[in-house]
Amino acid sequence: MQKARRKKASPFPPEVLAVFEDIKRTRNVPDVNNFWKYLARNPALLARTWQDVKQVMAPGALDPLLKEMLYVAVSVTNGCGYCIASHTAAAHKAGMTEAMFGELMAVVALANATNRLANGYRVPIDAMFEP
Amino acid sequence: MQKARRKKASPFPPEVLAVFEDIKRTRNVPDVNNFWKYLARNPALLARTWQDVKQVMAPGALDPLLKEMLYVAVSVTNGCGYCIASHTAAAHKAGMTEAMFGELMAVVALANATNRLANGYRVPIDAMFEP
Amino acid sequence: MQKARRKKASPFPPEVLAVFEDIKRTRNVPDVNNFWKYLARNPALLARTWQDVKQVMAPGALDPLLKEMLYVAVSVTNGCGYCIASHTAAAHKAGMTEAMFGELMAVVALANATNRLANGYRVPIDAMFEP
Amino acid sequence: MQKARRKKASPFPPEVLAVFEDIKRTRNVPDVNNFWKYLARNPALLARTWQDVKQVMAPGALDPLLKEMLYVAVSVTNGCGYCIASHTAAAHKAGMTEAMFGELMAVVALANATNRLANGYRVPIDAMFEP
Amino acid sequence: MQKARRKKASPFPPEVLAVFEDIKRTRNVPDVNNFWKYLARNPALLARTWQDVKQVMAPGALDPLLKEMLYVAVSVTNGCGYCIASHTAAAHKAGMTEAMFGELMAVVALANATNRLANGYRVPIDAMFEP
Amino acid sequence: MQKARRKKASPFPPEVLAVFEDIKRTRNVPDVNNFWKYLARNPALLARTWQDVKQVMAPGALDPLLKEMLYVAVSVTNGCGYCIASHTAAAHKAGMTEAMFGELMAVVALANATNRLANGYRVPIDAMFEP
């Protein structure tokens, strides 16, 4: 009873807490970041999103650092403030130096520019690039 | 005169041809791809774009394969058909295997999805992600 | 002078106030939201935008709730913070439950992901989908 | 020769064929559309994408027609040609009439316009729209 | 019967034909372009869209050439193939030279690049840019 | 010690300060805005970006006001908050009136809407718009 007074009941249902536990264990972090807490409003969406993130971001043919850098490139292109902040942090944690970040940004800026040049000049695809 | 009959005059002015030569030499290719031929309508834009591409895509803190994969990630996110075709070809040439491409696509798809979840749930940035 | 003390002169010209009145009457709200107040800097744009919103969002072949949910889907995809906030509120007011919002977000996330998979794999359109 | 006549070797490995079978059974269609055939180059991506599509697009708090219309709204906003073609077909199959499509398009166009007006006028979010 | 041979019945209802006539008269062209013919599937959307285009693109504080160039800038940024083709043609008709197009494209490419640099570096807005 | 009191050591290396000086001289401003200070984390990217901006935004076939308005159109379409704020300020400084801004916004909104109508109705490009 005293304990109950000291400890606020968690606002999250058990299926959400189970996902949170798996995130914390997998990433070895003391708490989940806001993204997961907000998704928790819809437990099925939370669970599915975490399953996808867990599988896709695991080491495979590409290492985790490269994957985080790709994530940053997409998030910067889309202008998603939250994702830029969280995945830039994750990329730095995975080993991205400031110099690497600068080159990543240079490629992202250049690709966004040349994408529009190809659009605007209506460049036809060269035969050698066809499958 | 005879020579003139045998050899069609190039439709490109000298400053354009100089850029084309530098592209061919730098990339060790027999001809430039359509992108550059279309940009040639505006020689100043062509020259500046090539200078940027040459500098940004050169090996540095990131290797060329990683840079090409970042280029693909941006182009796929923006839906630029020409750029997807040309930079996927360039990435394969630089060593990207089919398995690597599959994981690249998985990260790009996932990031495009979670970018929208962060937008839609209006997730505030965690203090730990602030600079 | 006394009058001036009692009643602050409206900063908006009559043609703007007429639009504001129509918005308040149509939506049965005591005041217009910031979007309209900012557009008021350009009265012709304000009037035309309101006419479009009034016609497009009226009940028709689609009911207002579905229309608000489509609005949210577009705004989330584009990452427009103001529009996400205002149209999510409007959708909830029109009857969207938390469970409905969760599924809406799941579809928006999935579509943003698979749009990129179709782009990246350069999938040709099946004959059966052609008009 | 006899062999060739009897059974053409399938180009797809068993784990891909299992996904194809589930798609055909779930949707009651004789063949899968190109999207799945192209994803098959990366079996893990194919399997995960189908699991997500199967779960997200199933009837729930939102009915399948509404979900297909949201899919169209996102795909049109992103300009994904393949997804527009396939999901417009799916929405029509699920009951979308021409009049409904016209109103869907009207909302998508309007939202894309007003998203930019909110951006350009830098409209602050009204207190009543804050959570 | 003879009549039928001589004159094919128009596939468009009268309210659509009235819009087509206004477009042809306003632009002094012998026929409307495909965009309007496709929109005609939904007459209310067609009529409203034409009213907006007619008002917005008319000479005002900005001249028609500048308006067409802005249209091209947006269409190139969004990667809309149809709109790039039709509005580049319209801009050329309104007086855009090749040199002007080259500089337009250079600005569009640069803005798309620096937009991402501002996103990625999370640059805070300077006090002097605040309203 | 006295020196330290009089002159705080600049946090920027000489190659960055040289770029800052050129920006201040070219634009005749007492300080550079935040964009350049943040880019300074990567001096090579800073130098190249400034070279591009300096060349592209200089008067040419298009005047600086028109170029700033194109910049605003792109930034509004992409929803880049920083760029909208800084380039709207620059456009006003270059002579853009409120009425001109209103028409710019009207064109940007309209183009974003009709881009999606062309996408959604899958409008084929008219032969007369082909190069």
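The first chain written gets the first letter, and so on, giving A, B, C, D, E and F; residue counts start at 1 in each chain.
Criterion: a contact is a pair of C-beta atoms (placed from the backbone, for glycine too) under 8 Å apart; a residue touches a chain by one contact, two chains touch by 3 or more.
Fair warning: this is a prediction, and the values are worked out from it, not measured in the lab.
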| item | value |
| --- | --- |
| Touching both chain B and chain F (chains) | A, C, D, E |
| Shortest chain-hopping distance from chain E out to chain F | 1 |
| Most remote chain, CA-based centroid, reference being chain E | A |
| Interface numbering overlap (same over half, different under half) for chain C and chain F | different |
| Chain pair, A-F or C-D, that carries the greater number of C-beta contacts | C-D |
| Furthest chain, CA centroid comparison against chain F | D |
| Distance between chain centroids, defined by C-alpha means - chain C, chain E (Å) | 22 |
| Length of the line joining the C-alpha centres of chain A and chain E, rounded to whole Å | 36 |
| Geometric centre distance via CA averages, chain E-chain B, whole Å | 28 |
| Per-residue multi-chain contacts in chain F, two or more chains | 41, 44-45, 48-49, 52, 56, 77-81, 85, 88, 99, 102-103, 105-106, 108-110, 112-115, 117, 119, 121-122 |
| Touch-based graph of the chains, sorted into line, ring, star, complete or other | complete |
| In the complex with chain D, residue positions of chain F that touch it | 72, 76-77, 79, 81, 84-85, 88, 105, 108-110, 112-117, 119-122 |
| Contact footprint of chain A on chain F as seen in their complex | 41-42, 44-45, 48-49, 78-80, 131 |
| Chain D contact footprint on chain B (complex, rising order) | 79, 98-99, 101-103, 105-106, 109, 122 |
| Residue ranges of chain B touching chain A (in the complex, touch as defined) | 33-35, 38-39, 41, 45, 49, 52-53, 56-57, 60-62, 66-67, 69-71, 73-75, 77-78, 80-83, 85-89, 97, 99-100, 102-104, 106-108, 110-115, 117-119, 121-126, 128-130 |
| Of all residues in chain B, those that touch chain F in their complex | 44, 48, 52, 55-56 |
